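In the two complexes that follow, chain A is the common piece, with chain B as its partner first and chain C second.
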Partner chain A sequence: MNRIVLLVLLLTGQALSLNAQKRFIARQGQVTFFSYTSVENIEATNNQVFSILDFNKNELAVSILMRAFVFPKALMQEHFNESYMESDIYPKSTFEGDIIDFDASLPTVQTKIIKGRLTVHGITKEKEIKTKIEFIANTLVFSGSFDMTVADYKIKIPPIVAGNIAKTIAVKFRFEFQPYEQ
Partner chain B sequence: MNNKIFFILAVLHIIGSTTLVFGQSLLQELDKELISDPVYTEATFKTTRLALGHSVQTRKSGIMEISANSRFWNIPERTQGFIADRVSTRFGVSYAFTDRFTAGFGVTTFDGILDGYLKYKLVRQVSEGKESPLTITLLQNSSLRTNPDRSINSTENFSDKLSFTTQVLIARKFTRNLSMQLSPTFVHRSSAISDDDPTNHFALGIGGRYRIGGHLSISSEYYYLANPLESITTYDAFAIGVNWELTDLMLQFHLSNAPNIAEDAFITQTRNNFNTRDGNLFFGFNATFVLHFKRNQSKKP
Partner chain C sequence: MATRKKILTLTLIITSLLIGLVVCIYTLSKKASNAVSENSNVEVKIGSKELLAAFMKDEATANKNFVEKIIEVEGQVRDITFLNDRYTILLQGQGDYACLMCDMNPEQIEKIGQIKKGDNITLKGICKGFLMDAILLNCVLIKNSDE
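Here is the complex of A and B:
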């Protein structure tokens, strides 16, 4: 009896350590968004985006600190956090998703759909994001872009500046994953 | 017996370890990875002026502010010009050399006051973490009164016309909507028109801002003057108004009993009480335009 139990314990311990090895993390992921209108073009970048990749379930999670977006104009950054994104209430935007049909054994570039939930400004929406996945040396690079509609996430834009901010924001991302050591 | 206990422990171990792995989403694990730098409270006030006086706010490095602060009022004799009988405007420029240090100057038309100031943000409020719960900004202003008819200083020679205002601005953003400020103030005037009048004044300002919408807020400010002038009757300055922030433009509308805009003038020589009699109430309109001379670059990893 004791032996069986010990064996089980050892096996679960083993499984746990395997889990850990199949995880990858990106600590300096880059997310940039663009708003193009005839009045002005706005671009902001966040270079400190965190993401974890779990190959056991082909799952991915991303956490974006809204305050870390850098705007060319300092006042715009203040408005963005205070009036639009309300970063004091919703400090993070997140994404959780599954990589559809991912095959880790393929060493070449592959383009896959990541299907999941995007949470911005406290609002969660289903989202499918086309992602280019490539192995470069020892790192795994995820990159791509997608569009999001401002109105979907209940971000209030006063009519007087409505012309300055695009209805649809283009988002570009790039994550470089390294094996995760706990 | 021993076996049973061992078995139970083992089951507990398995349950424990499985919940560790599966009960926790990837997102929760990410949260543990996040580094927590001190987060400084942004936008205690949106504008560098509360209503009458300065707020603790300084602009980010490389920003120039161009402002026109106006007061409109009617006089009992009614000599209606454009919009109102009288108008006074302070045209001002300020430049933020660093995120904490700003210097500025301005000219006021009606009372002929030239003023310049240095402003330094000494302590920044931290919204997460256990550092300072307050923002403290130091302000040193000096002004030159060039119009003898509207000055409470003697205007015989240059040094007599000078006044100096020193303020320690202390503010706290209590909630995302409410910020309050205390402004202990010391005004030194180089001269006085009457020997009875003090040349050193002590005052305390109290003010606040309450946000009523994304870009709209109500602000009010009151300055208590401990030792007013003896030769003429003066009152404490009060203002209440609305702030409206647009993209690079910030507008402030308020009602006040003070026609003067320079600190030392509105604190010491406000001659009206706050009531609606003609000539007692001043409509204030501050327009501030923000120019960015420095473009931020995001840090490359």
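Here is the complex of A and C:
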């Protein structure tokens, strides 16, 4: 009985703290993308993705430096930044969206759709991203994955390497949010 | 005449092969573009507060001056984090919030263990730009003044 009371107290406490704290940030979000083809598999990770979460409006914003993606081979990274993403002209990709039907008072694992606009390579597209939202050790964690089509974002791949790069890229993400104290 | 043509063809083949070989060696020997070692040449020396201030004042100019360059930075440690198998040292910016996020080279683990919050340190890494914080990747520690 005591355990149940304690559990209820803990859960309500967590829900209350979430309600009281309306804005959260993640400075070191992780985004990884994968390109699978029969010729080669390419994977690159960025561990410095910035995100801000506002529970007043259930809004999420993400900003990512394209040059901070780390590839296993230097040449891949060079082609990615110089030729395909044109990182000098478009240094950042962004996502801004609304968390649909999110209930901050429920301190359980929730899977929600975040509906918004994804901007990559200067092109903005509507995007719905399924996201798992959970509390792990008092940290609010958003994680999930989605696919994006290279052609949608006008990323030009030269015909000679077209076979090495997938037409659809799989993207995986994980953000650990901390209360934003400002 | 036929001999001359043969010599010309052979010279052409050998030249093409040599060019191919040079390109191959250059490509293969090229280090990862994030590679920073203790011997890497530093392109810019600056304080963490000044670097942050430059990005906050004029991001486009700061991008031109610092991005993809090996930068030596001196600053005070605000925090040390370990996430996704990487250590990150956060160096103090001018205000309370924005800071310099220094992703550490995994070979630096022993040195990171000796660093504490509040220490004044000097490190170098490759600058990638600015979001909420300025970002330096693959950093190596040069000096810990509080050791």
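Following the convention adopted for this analysis, the second predicted complex is superposed on the first by the 161 of 182 C-alpha atoms of A that agree within 3 Å, B and C clash if a C-alpha of one lies under 4 Å from a C-alpha of the other, contacts with A are read in each partner's own complex, and residues count from 1 in each chain.
In the analysis below, contacts are C-beta pairs under 8 Å (C-beta built on N, C-alpha and C of every residue); 3 or more make two chains touch, one makes a residue touch a chain.
The shown structure was predicted, so the numbers you read here are calculated from the model rather than taken from an experiment.
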Superposition on chain A - do chain B and chain C clash or fit: clash
Which superposed partner A:A162 touches (first chain B, second chain C, both, neither): neither
First (chain B), second (chain C), both or neither touched by A:I123: neither
Chain B versus chain C as contact partner of A:A151, first or second or both or neither: neither
Which of chain B and chain C A:E96 touches, first, second, both or neither: first
Touched partner set for A:E78, first chain B, second chain C, both or neither: both
Chain A residues touched by each partner, larger count belonging to chain B or chain C: B
Which of chain B and chain C A:A104 touches, first, second, both or neither: neither
Chain B versus chain C as contact partner of A:A61, first or second or both or neither: first
Chain B and chain C footprints on chain A, overlapping residues: 25, 27-28, 30, 45, 47-48, 50, 63, 65, 67, 70, 73-75, 77-78
For the chain B and chain A complex, residues of the former touching the latter: 3, 6-7, 10, 13-14, 17-18, 20-21, 25-27, 29-31, 33-34, 39, 42-43, 46, 59-63, 127, 176, 214-215, 245-248, 290, 292, 294-301
Sites on chain A touched by chain C in the complex: 25, 27-28, 30, 45, 47-48, 50, 63-65, 67-68, 70, 73-75, 77-78, 91-92, 176, 182
Interface residues, chain A side, partner chain B - complex: 1-2, 5, 8-9, 12-13, 16, 19, 25, 27-28, 30, 44-48, 50-52, 54, 59-63, 65, 67, 70-79, 81-84, 86, 88-89, 94, 96, 156, 158, 160-161, 164
Contacting residues of chain C [partner chain A, same complex]: 27, 30-35, 63, 67-68, 81, 83-84, 86, 88, 96-97, 101, 103, 128-133, 135, 137
